[in-house]
Amino acid sequence: MKALVYRGPGKRSWDEKPKPKLQERTDAIVRIVKTTICGTDLHIMKGDVPTVTDGRTLGHEGTGIIEAAGEGVTNFRSGDKVLISCITSCGKCDFCRKGMYSHCEPGGWILGNRIDGTQAEYVRIPFADTSLYHIVEGADFEALTMLSDIFPTGFECGVLNGQVKPGETIAIVGAGPIGLATLMTSQFYSPAEIIMIDMDQNRLEVSKKFGATKVINNSDGKAIEKVMEITGGKGVDAAIEAVGIPASFDTCQEIVAPGGRIANIGVHGKSVSLRLEKLWAHNITLTTRLVDTVTTPMLLKTVLSGKLQPKQLITHRFQISEIMKAYDTFGNAAKENALKVMLTNE
Amino acid sequence: MKALVYRGPGKRSWDEKPKPKLQERTDAIVRIVKTTICGTDLHIMKGDVPTVTDGRTLGHEGTGIIEAAGEGVTNFRSGDKVLISCITSCGKCDFCRKGMYSHCEPGGWILGNRIDGTQAEYVRIPFADTSLYHIVEGADFEALTMLSDIFPTGFECGVLNGQVKPGETIAIVGAGPIGLATLMTSQFYSPAEIIMIDMDQNRLEVSKKFGATKVINNSDGKAIEKVMEITGGKGVDAAIEAVGIPASFDTCQEIVAPGGRIANIGVHGKSVSLRLEKLWAHNITLTTRLVDTVTTPMLLKTVLSGKLQPKQLITHRFQISEIMKAYDTFGNAAKENALKVMLTNE
Amino acid sequence: MKALVYRGPGKRSWDEKPKPKLQERTDAIVRIVKTTICGTDLHIMKGDVPTVTDGRTLGHEGTGIIEAAGEGVTNFRSGDKVLISCITSCGKCDFCRKGMYSHCEPGGWILGNRIDGTQAEYVRIPFADTSLYHIVEGADFEALTMLSDIFPTGFECGVLNGQVKPGETIAIVGAGPIGLATLMTSQFYSPAEIIMIDMDQNRLEVSKKFGATKVINNSDGKAIEKVMEITGGKGVDAAIEAVGIPASFDTCQEIVAPGGRIANIGVHGKSVSLRLEKLWAHNITLTTRLVDTVTTPMLLKTVLSGKLQPKQLITHRFQISEIMKAYDTFGNAAKENALKVMLTNE
Amino acid sequence: MKALVYRGPGKRSWDEKPKPKLQERTDAIVRIVKTTICGTDLHIMKGDVPTVTDGRTLGHEGTGIIEAAGEGVTNFRSGDKVLISCITSCGKCDFCRKGMYSHCEPGGWILGNRIDGTQAEYVRIPFADTSLYHIVEGADFEALTMLSDIFPTGFECGVLNGQVKPGETIAIVGAGPIGLATLMTSQFYSPAEIIMIDMDQNRLEVSKKFGATKVINNSDGKAIEKVMEITGGKGVDAAIEAVGIPASFDTCQEIVAPGGRIANIGVHGKSVSLRLEKLWAHNITLTTRLVDTVTTPMLLKTVLSGKLQPKQLITHRFQISEIMKAYDTFGNAAKENALKVMLTNE
């Protein structure tokens, strides 16, 4: 079969590889129908993720059809349509038993990281019973592929951890795919004011369509004072960080109101300076989280009921055989006005 | 009357001052029976708190008897025995209405800061109805003086924000009066393991008596590795910061387990470096808080029922006229083996 | 001035009465601009509320303008536009301090009950600072009059107590004004499915316009089996009781899923039979609540931001001098297709 | 092997039966070391539990040693010492994924009910990985046998659902083994006052030793007025029902304070009358729950750390071959002063 293979920093190829086989009784082999590329894959390509080694098939998002299921798999069988979670969960360890699948002892984020991933024609999914979700007849594979990672990430790390409540004023720093997924799912809780902050005017325009009540182009570096102006000097109830650099974290800690929350979603490569000399007395809560995907069943319901339309994030479509080109497009997201690129293997 | 007056950095005096009068209808004048000195008063004496100006009477803790009550005061009258909260609460502003008295618009921490405080024979208490608590007949003024500040602070900022739960492993960094109040009140929630960390061996010995299951003297700078050893490499469920310097914050962020909480109590003068490059994926919660004293009624019940014995923290006693000497003792706490010093005006 | 006066069971009159005066320093006198009639007023008229005695001015909802404010009132002054809460809160008692204003010791539901109410040209409001809310310039008095009682009631007793969550399936039994306010505010939390149950087809049609995804006319007594059919035999996550009779409570206890919630809003005159022989093992939560109006500030924000449009519930308008006729209309709600009747005093 | 077999209402026998075998790959066979008898077993003997049919081996509590583990079992192997949960959890169904193991689709309470149980020399445990817990070297089998059912039941259904908090006043109606387990675990949250109510003076004396601050012998039917007297007419913050009859439920609904909780633990055979005509406005929360045993890992920690000493409940000890006599003793609990009877198979 064909797969997108990491060949060391800056190098990738669309290569022939052996089709994966069942290794454990709890494995399933899934034929990929749809997959996509994540910002994290670009980080990996820079060589920033040391657990990814030469020869690894990338990708941790996708939907497909069960090709084979191990004898220990009881929830799925051949031919079942499935959504693949970016987080593999054994369902038995202490972390899984308390709903923190991200830290599953034998699992967690391993797809396209410690084991081969979904940017291929087939993928092996360990602990299939607790790492896959059924796709009901008639549901849209493209829409559901958005639930592998970015929607649970935006919702759990941003909206739930940010404790967004009806009537509140929130700000989301970063209008990339994750920031936009956060914007869309934050509306489950009806905040009165949602301020999107980014430097890309196109993404801010998209934000308006997706429900932002205010947008701030921070090209002039004045986001903080603009937020304080909008909020009458009070700051926001929740500041959600969806970039992953010190500057965007700083914006969050400057705009959060006393009693407010900073919810970090971004993948950070460096430490940040936390202004405890001011914040110690501000009664704030700051959270971090690698997505657990515990809300995937709930998000599935909201997609099926039409409350959530994740497909709106897809800007480009390719055959999986064109994935090298898809990476180029996604890697030049600003120039290409790209949000999510959808890859089809049919 | 006599009062302990701040005279600029490093200078204080026990001076004659006019007895305070009712200024607003919601004020009360309280004759002090017991008061004490807080670590914050030492910060003020260093000139670190710019809102405190020359001539200010210090002190934000105390118990006493109502001397006069304004016409708008309905809960108290002359002769009532009262506990003074370190936080003044109007009961009407948005922050008060949501239980965040620390940020009360006309109140908050003002005693011995923006207005004259409790280290005097008399003190004026604004918004008396919502800033004082009744002391029932027979209750111990010394014990209750400990509820003005340090017990609600340790309990709210440390224990409640740290979400301490039965069976958990927690660590408290700092075994001063606030750390010890945190240790004592953490036991309301029955953690299985409470690790106290400090560099003062005397305070660690006291910690053992007050319920610590492990103590670590960090004079050798090896607290982090010792905690990881005790916890089998997992870290602690809650790491509570009760010092207020970057080093103790660092200890907390290194020992917190995935899914755990860092609860900051310490008053910080500097920014700290937050290791988001590691913590972004550790699902942690970090909180800050200026005490709201919302739990004072509950703490009063636990003292009256004998569950909590705050008097154990008192190591030295003085007449209020000896307060200059009391400051010296408290200022040399390590040498004097001092925890809380109790001042009597009777 | 003129007022609607209760004259014993079944008797009311639009009478001349003395204009109310300030009695306590914390009182305000409000000139009524808008008021309305509540289902509870009809209960009172039947003689079902023994605390209401002959001569009482009815009404606990309204908006107006401050005519006079006592010396102890600090948040409001003459000429301020205000929303009157149906719950009077002293802000100082134990219940108020924990946000349970419904049980305020000197307050609670007293307007149009233990003291004269709002169906008059003027009303005296005790504890004005903590029982009134500012109406900002340009806001709509009619819309805000809906926030005196029914919207906080539907939201707090139904939606918050019912713990409505995104993606869930909920049912509301009763499509009267309170049930409809519950329907509208439940959408703050984005349930996937909202089933309205009533016997009045007009109200069910209105429900559809207001966001119900399914409606059930229970005239045939088959609501329970229809709900079970809609939910695939599972039952609903939250069953909200908005009628106040044993039959509607029964519906709730039959349709709630294991792990679900029954939130009672209805004012009940009789005991109900609770099927513990079945429910003991169903892990359910049942709540009751007299509205606390703690969410009024939040609801105000959602009205001002356009998220909530409470005016949609108003079906009939009268001058306050026509209130006798307004009672007749509201008392024949089914025949008149009446939801809320709005009374104007201008 | 030998087993205690149900032979229809009122009939049981200690019979020879075939030793259980692995049926599914996720099964384990456990050699029983300790087992006990539950109040529920007495209900079964009366014929009150229709799912239990003639020939069934009873018992859902126990500790033992793994004799054989299916190929799909990954957490346990032969020779491992284990605690058996009374609730069987598949770990994969929707209910298990949200921590509601009591409603596990293929599991739940099946041991000694739908399948053969633990009052035998050997037992087959389905879904062993998620229905057993490791017993560490040196731990006490007798103490841990108490964690199969009664301690998680008292803690989850009574203490957690009752939301017991520091400083509160709670009442537990029923001082049988479950009520006493509730009493012991309620102290994890440091209530100020714990009132035990029963008609058996011996059990009330035991309650005092276990931490009750007040006991009420309700032989005179005056428990309600006594509780109101103790609480100054306010009622209790949490009323925990640990009997399972209408009279004890009534006591709970009469003594709960406004804003309080009623937590039902009892297994009820009849409906009760819920006084909504009074309670609709009392802001109460009533919960029911079949134990989920989600807190078993936490309870294990508290036993190992010495915080909880469940062995104190054991009043009588027998060899498993004497189980017919043990049933007689437990069946005459009042006369025999029996709490839990411990059966040993060694």
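Letters A, B, C and D mark the chains in the order given here, with residues in each chain numbered from 1 onward.
Definition applied: a residue touches a chain if its C-beta (ideal position, glycine included) is under 8 Å from a C-beta of that chain, and two chains touch if they have at least 3 such contacts.
As the structure is a prediction and not an experimental result, all values here were calculated from the model.
K.L.:
Going by the touch criterion stated earlier, list every chain that contacts chain A and also contacts chain B.
P.N.:
C, D
K.L.:
So which has more C-beta pairs touching, C-D or B-C?
P.N.:
Pair with more contacting C-beta pairs, B-C versus C-D: C-D.
K.L.:
Roughly how many whole angstrom separate the Cα centroids of chain C and chain D?
P.N.:
Distance between chain centres, rounded to whole Å: 42 Å.
K.L.:
Could you grab the centroid distance between chain B and chain C? Build each centroid from C-alpha atoms only and quote it in angstrom.
P.N.:
Between these chains, centre-to-centre, one finds 42 Å.
K.L.:
Two or more other chains touching the same residue: where does that happen in chain D?
P.N.:
Residues 98.
K.L.:
List the residues on chain B that touch chain D in their complex, please.
P.N.:
Chain B residues touching chain D: 165-167, 187-190, 192-193, 213, 298-299, 301-302, 304-305, 307.
K.L.:
Enumerate the contact residues on chain B facing chain A in the complex.
P.N.:
95, 98, 100, 102-103, 244, 249, 258-259, 264, 266-277, 279-290, 292
K.L.:
Residue numbers of chain B touching chain C in their complex, please.
P.N.:
Touching chain C from chain B are residues 25-26, 71-72, 74-75, 91-92, 94, 96-99, 129-130, 294, 297.
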